[in-house]
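Some structures are shown below for you to check.
Each of the next two complexes has chain A plus one more chain, namely chain B in the first and chain C in the second.
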Partner chain A sequence: MAIEGVDLMKAAAFIGAGLAMGFGAIGPGVGEGYAAGKACEAIGRNPEEAGLLTRTMLVGQAVSESTGIYSLVIALLLLFVV
Partner chain B sequence: MDDLTSIPQFVIRLFGVNLVFNTETIFMTWIVMAALIVFGFLATRKASFMPNPVQQVAELFVKAFYDLTKDALDDRMAKNYFPLVCGLFMFLLFSNWLGVIPKLSEPTKDLNTTLGFGIMGFFIAHYAGIKKKGIKQYLSEYFQPIFFMAPLNVIGEFAKVISISFRLYGNILGGSIIILIVSHLVYGLMLPPFLMCFFGFFVGTIQAFVFTMLTVVYISVQVK
Partner chain C sequence: MDFDVQTWVKMASYIGAGFCIGLGAIGAALGEGYTAGLANQGISENPSRSGDIIKNMLVGQAVAESAGIFALVVAILLIFIKFPMVTTLKAAALLGAGLSMGAGAIGSGIGSGYPGGGACLGISRQPLLSGRMTTNMLIGSAVCQTPAIFSLVIAMMLLFLDFGKGAVSPTWAALLGGGICMGFGAVGSGIGSGYPGGEACLGMAKQPAVSGRLTTNMLIGSAVCQTPAIFSMVVALMLLFLNFSNAPASPTWAALLGAGIATGVAAIGSGMGGGMAAGASCEGIARNPETFGQVTTTMLVGQAVAQTPSILGLLVSFILIFKAFPETVTLAAPMALLGAGICTGFGGIGPGIGNGMTAEGAVTWVARNVESTGVLMRTMLVGQAVSQSTAIYAMVISLVLIFVV
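And then the complex of A and B:
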């Protein structure tokens, strides 16, 4: 079984998808954890505002998640389209 | 795993141009619209001072989103734009929840739907900006801080559309792919229903809210 150019392209696309997802998950992970930690601090200091803080934290996390979602879209493109 | 990438399509050849319809997306959008119409009908049919349960829920929606729009825009504009905001949120919420029901899929799983809403929000925001400030001041905003920043500002406006629509699309598609892969691994024991509820109800609600919120913020950035 000889390895042809198409196989190499497939392999490169799969490696690229894995790298894109792996590196792309670092940023949102750090960012969302930081947001959750800060929200915990704020709730500890000000427990009666817990509902508002949780809501704001979730929206902020959903926004900061978007870079991870971009890398997911890129990975899916590499897996299924290339 | 074949149903991951398959998109049911219906192609009409008209005057040498292929018109492609994503049948599943269109059908699911109709279901969502029908559900919204039924909900609106039930909420307003016997509207009274003592609300029935459906009217209660509808009033909750209206109150919450009127306050939210009033906070972001001013009082007079909130009256004009709040029906759009509330309708957008309810459509996205119902369409994100639709994936929980077996055999149905979310219309927001298709990039065309979310990109359509993103472009709609873009045009509405810029229309509101032009109407509020006048065309001259609207154009001069692009040459803020210095004149050669204009291309960057234009690209920034388009990036908003891309980011808002890809965020919703990627979240919903990623959730359904994770559900599919996990149910492939565990053959439908306890985990997939739990994941379905998590991605359908929790993530779906948050993403619908974020989409609506960002549309309001884009409008308010343009009119300020």
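And then the complex of A and C:
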């Protein structure tokens, strides 16, 4: 079985895409979950501020999502561009 | 360098034995250390009950040890057993057996430390209930052993079943993948099902009148935690018993290995997440027993959502097992399938744990502020949905790797 250079590069890009998105998904998942857990705690203490707290939670989660999106972008680059 | 089959089988069983007891020693030691730590805390709070507490600690630690002993037994079997017929397939099966039992003992060892520790601390606070707490501890730790027993079953099958003299590839990947799937799939469920056990024992010390309810709630919560381990068991059994010998060796080997990784590794997060929700509900019921209904409902909703990453893992595994892939000589095609398995598997860990943290917060505060159950449940679901997003990205990348490139 002769493996050419192009094939080897594609194989590495595919494995790399899997690793990038797989490991990259760990952090945002935990971080966003923590933020939401704390938001529930805060709403439990002070239900009148539920709207403000939910908004803050979503903004915080959006920031925490960023590294997950970086991983997604890199994975897509590895799959379709390089 | 040419080696005969006997050499390969021996190599695989020695490396498998190393993995088996090496990984298997992690969990029991951590769990027992946790139990001993809380026993010390309990004795310092109430030195007059030190006898009861030490007795309870030793019983709890003995249960936590069992997963480590399973791993020791499998490692000894791997080293000393003489196999009547050796084939190269057996080498893959033995390595898989070591990984299945070794990784599978981590979770149960850690998890069964929590009920032990909770009971030790509980006895110091409420000495009259020591019998009830020891019983609850034993029930809780016994449930924690379930994933380790699943792993033992799969390891024994890999050790003693005859996988025939058929073609080595791709069946070797199915056997190794089955071992990896069950081993890693047991980690989360083992750890997670320990949380409710510990909180239930501590809760009994706080509210002896609701001991019965706490045990019931603990059992419901830890039973749901077993789901990811059961998914892993299903995928492992499929990988062991379906016949792949007619499929083309490449890329099927990568698909089968990927299938094992996807369900096994994704189960870690869901198992732990489900446990966090269950632990918080036991704590909440002890604090405010009238909220039993709302707390249990919120727990179950939170746990159900936390199972999503392991369900995505199961879905990708099924696609990888059942889709017929055309034969290929390239390296890119098998690597794409292996990458798909790794992506969904590891991508599921974080969202599973995150969903559990969200549910923990919501359940804790439903118990303290039951009038806000509606808004808490809503916020929990929104938060969990956002935390789920990266698991969905991972699944999308996996599906692209399988179907598009």
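Convention: the second predicted complex is superposed on the first by the 81 of 82 C-alpha atoms of A that agree within 3 Å, B and C clash if a C-alpha of one lies under 4 Å from a C-alpha of the other, contacts with A are read in each partner's own complex, and residues count from 1 in each chain.
By our rule, contacts are C-beta pairs under 8 Å (C-beta built on N, C-alpha and C of every residue); 3 or more make two chains touch, one makes a residue touch a chain.
The model shown is predicted, which means the values in this text are computed figures rather than measured ones.
Annotation for the three-chain superposition on chain A: chain B and chain C fit side by side. When the shared chain is aligned, chain B and chain C each come close enough to touch A:Leu72. By the document's definition of touching, of the two partners only chain C reaches A:Glu41; chain B does not.
An angle of 160 degrees, to the nearest 10, separates chain B from chain C at the C-alpha centre of chain A in the overlay.
Here chain B and chain C are compared by how many residues of chain A each touches, and C touches more.
Once the two complexes are overlaid on the shared chain, A:Leu58 sits against chain B and chain C alike.
Superposition on the common chain places the nearest Cα atoms of chain B and chain C 6 Å from each other.
Chain A uses residues 58, 65, 69, 72, 76, 80 to touch chain B in one structure and chain C in the other.
Interface residues of chain B, counted against chain A in their complex, comprise 4-5, 163, 166-167, 169-171, 173-174, 177, 206-207, 209-210, 213-214. Looking at the complex, you find that chain A touches chain B at residues 58-59, 62-63, 65-66, 69-70, 72-73, 76, 80.
Within the complex formed with chain A, the chain C residues making contact are 269, 273, 309, 329-332, 334-336, 338-362, 364-366, 368-369, 371-372, 375-376, 379-380, 382-384, 386-391, 393-394, 397-398, 400-401, 404-405. Of all residues in chain A, only 1, 3, 7-8, 10-12, 14-19, 21-41, 43-45, 47, 50, 53-54, 57-58, 61, 65, 68-69, 71-72, 75-76, 79-80 touch chain C in the complex they form.
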